[in-house]
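By written order: A, B, C and D. Residues from 1 in each chain.
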Amino acid sequence: MLEELKEKVFKANLDLVKHHLVLFTWGNVSGIDREKGLVVIKPSGVNYDTMKASDMVVVDLATGKVVEGDLNPSSDTPTHLVLYRHFPEIGGIVHTHSTYATAWAQAGKDIPNIGTTHADYFHDAIPCTADMTKDQMDEYEYNTGIVILNRFKKDHINYVHTPGVLVKNHGPFTWGKDPDEAVYHAVVGEQVAKMAFISFSVNPNTTMNPLLIEKHFSRKHGPHAYYGQKKK
Amino acid sequence: MLEELKEKVFKANLDLVKHHLVLFTWGNVSGIDREKGLVVIKPSGVNYDTMKASDMVVVDLATGKVVEGDLNPSSDTPTHLVLYRHFPEIGGIVHTHSTYATAWAQAGKDIPNIGTTHADYFHDAIPCTADMTKDQMDEYEYNTGIVILNRFKKDHINYVHTPGVLVKNHGPFTWGKDPDEAVYHAVVGEQVAKMAFISFSVNPNTTMNPLLIEKHFSRKHGPHAYYGQKKK
Amino acid sequence: MLEELKEKVFKANLDLVKHHLVLFTWGNVSGIDREKGLVVIKPSGVNYDTMKASDMVVVDLATGKVVEGDLNPSSDTPTHLVLYRHFPEIGGIVHTHSTYATAWAQAGKDIPNIGTTHADYFHDAIPCTADMTKDQMDEYEYNTGIVILNRFKKDHINYVHTPGVLVKNHGPFTWGKDPDEAVYHAVVGEQVAKMAFISFSVNPNTTMNPLLIEKHFSRKHGPHAYYGQKKK
Amino acid sequence: MLEELKEKVFKANLDLVKHHLVLFTWGNVSGIDREKGLVVIKPSGVNYDTMKASDMVVVDLATGKVVEGDLNPSSDTPTHLVLYRHFPEIGGIVHTHSTYATAWAQAGKDIPNIGTTHADYFHDAIPCTADMTKDQMDEYEYNTGIVILNRFKKDHINYVHTPGVLVKNHGPFTWGKDPDEAVYHAVVGEQVAKMAFISFSVNPNTTMNPLLIEKHFSRKHGPHAYYGQKKK
């Protein structure tokens, strides 16, 4: 069942290790089959060294119930499901505790868009969520999804153009059209977080011209994109 | 004698190298056999490249005397023994000079709990000990254990829930139910120290909602833990 | 056509990866054949793992038109061409988003010359360009070259003695007598940017004696150079 | 001639690469045969990948003349000779541009002794030299040695107990009883510089109890040393 998607999600999980975004088991990637309404996700707390594609867990998008798999799905599964339900254009989600992005999340700060590396992939600042209320603690992982949605709604952030978020005091979630693109955005987010840390140490008041943001974003996105090779 | 524990302690010492926590010979792991009242520890100043499991030294918990082994035990052995005597639930101890945790120890500051990565493994701030008095310098390594105990007593810190400490101007000690868990906590402590350094550079006033600390700690600890796979 | 130069440019592009200056496809090297008036440059957005020497694109210096090659040239090609046209002594150009140099570019600050490592290769501060105007956004890559030229003109900076620049909010360009030297200067620039970040964190007011700059620069450059082995 | 020492110096130079202390050719190690009054040193600007033990250059301690070798000795040779002449107990010297130690040199600041890692190998702060005068620029490398001596004299620093220095705006020199120990001290100095950078970022006012410095230094040095295994 969903063997191809399982293989994709499995490999995307290993890419997190390759890109030095995870320590131990601290990260997870999922992918979705929109037609079947099923999500494939990494099992919880399983070692990357011994993990197999067949260990991936299949979960129902609507109910959150495990449809296939002997292992518990990632404890962050309810967060992934909320995002898939409300962000209809995304096909893959990544969560890590990568060093620099997590440090910004711990700082409780948006990562401002101060460079073209950022603008090439994230149109706006990478937003940081608000504190959770006491009530939200009860269904913690579900409400992690809710505080993400709330932040995007409040500031009218386009989730396709800014494909990532920092959950306050926790760490980053990124997404994309498929699991690979979600991993790509996780790598970019970590690099952008590292460079912004250095930039603000050198110049606490630095900013970027908004015109340059538009220019760089549109080099890679939209009808006038001209970066890379033309798709055949 | 204690061949299995020696092998475990030996491998845990090599794991420090694998996780980039030691330069040269600057680190040591020990393990305890509570029934026999014997501690197995790395020899002092021996190269990790040539070290063998049979080089591990066996020391009596009560007297501190070497019971087996041709080499001197780690010069930090008296510190390990104090901790084993007063922290009855621990089975393994690690000491390193890992970069970021040592830097916080040199700064003389507790590492505040500002993120879920921290809260998943350390309930409270990772505490930093007080300065030693002149008298305490005489039995330096023994008294290193005493200043650790004093800090946990003074602030009513639960050593099982917060399995590590910074010895002021020196470096971290961590512990766990066995040598492997002590190493795991050493790796987490180093990562937490690195991220906190970055977070406070970005936002010197950042804090974490105490509710979130309780939530994350209890996801992995206690009767309602739900992270990972169920133990069979 | 230009097989030797293609091979050189190809290898220089791989050297960026070897020196950890690029993530994904974020970097490009070009080289020029001054006699023929042709520039060889990396194709746009092509993976370094699968790239071949024959993928290099040949572009006409005067017109910017592709003369040979099936792929699109780097989107930064117009910037390279402006530099080749106005800096007649250079034979190779590198652009990267390397972490520390890019962070200084994002900070909008020149990297001051505060050490002999810097002075050995860059006589002056590594300059940062001004913000682009709205009009300059239209031909963005061409005008990236123009803002570089403007900064060197305004401050009478010798482009041979200071073979690199930071494009504000974007990243570094470096050059040299051939593609290899341009890569060498990219590596030096990144290291100099990293050390300057640390130095200014330790001492925000540090400076270097101008006499020492002259001394070190002239050890490696000009008629009285005495570093290294005599060329035969 | 001096084949054994050449081999030692050659290997010590490669150890600089292994410990990530050098980029390109930016480092050198020398060793001395005190009986013969001859110094063996790395050639200037030669690639570490192709360098052979037989490329090491033999220089006369008294005159500085090359006694054997086809290549130019390191341009820093006059600095090494001054140190060998005035520090009679040293047998090996290292110079690098290692990242963190060089950054402190660029900051023009001593590295304060704030941790036991530092105190284990360097009794005092790692001192930074004064600016050179205009006259001293003429015989630059010779006078680099002189400003080092001046700093040790002015503050009555024991060069055996504090086996290293930062040359202002340049980088570290370390030494030891032989080339290997000089390399060891270069590695320690770099690690100590990195940790101090982090510590002062976390707490700009941190200090260490002088009693602890004495305690740790004497654990590894002098008649009452008890770290490591007894020498047979």
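Keep in mind that, in the parts below, contacts are C-beta pairs under 8 Å (C-beta built on N, C-alpha and C of every residue); 3 or more make two chains touch, one makes a residue touch a chain.
On a predicted model such as this, the values are computed, not experimentally measured, just so you know.
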{"item": "Labels of chains that are neighbours to subunit A and to subunit B", "value": "none"}
{"item": "Per Cα centroids, the chain farthest from subunit B", "value": "C"}
{"item": "Copy-to-copy rotation for subunit C and subunit D - C-alpha atoms, rounded to a multiple of 5°", "value": "90"}
{"item": "Centre-of-Cα separation between subunit D and subunit B, whole angstrom", "value": "33"}
{"item": "Separation of subunit B from subunit C, taking each centre as the mean of its C-alpha atoms, in whole Å", "value": "47"}
{"item": "Multi-partner residues of subunit A (each touching 2 or more other chains)", "value": "200-201"}
{"item": "Topology of the chain contact graph, where touching chains are joined (line, ring, star, complete, other)", "value": "ring"}
{"item": "Chain-chain contacts as defined at top", "value": "A-B, A-C, B-D, C-D"}
{"item": "Partner subunit A, residues of subunit C touching it in the complex", "value": "23-26, 43-46, 71-72, 75, 97, 99-100, 102-109, 131-132, 134, 137, 140, 169-171, 197, 200-201"}
{"item": "Subunit B residues within the subunit A interface of the complex", "value": "114-117, 184, 187-188, 191, 194-196, 198-203, 206, 208-209, 211-212, 215, 219, 226-230"}
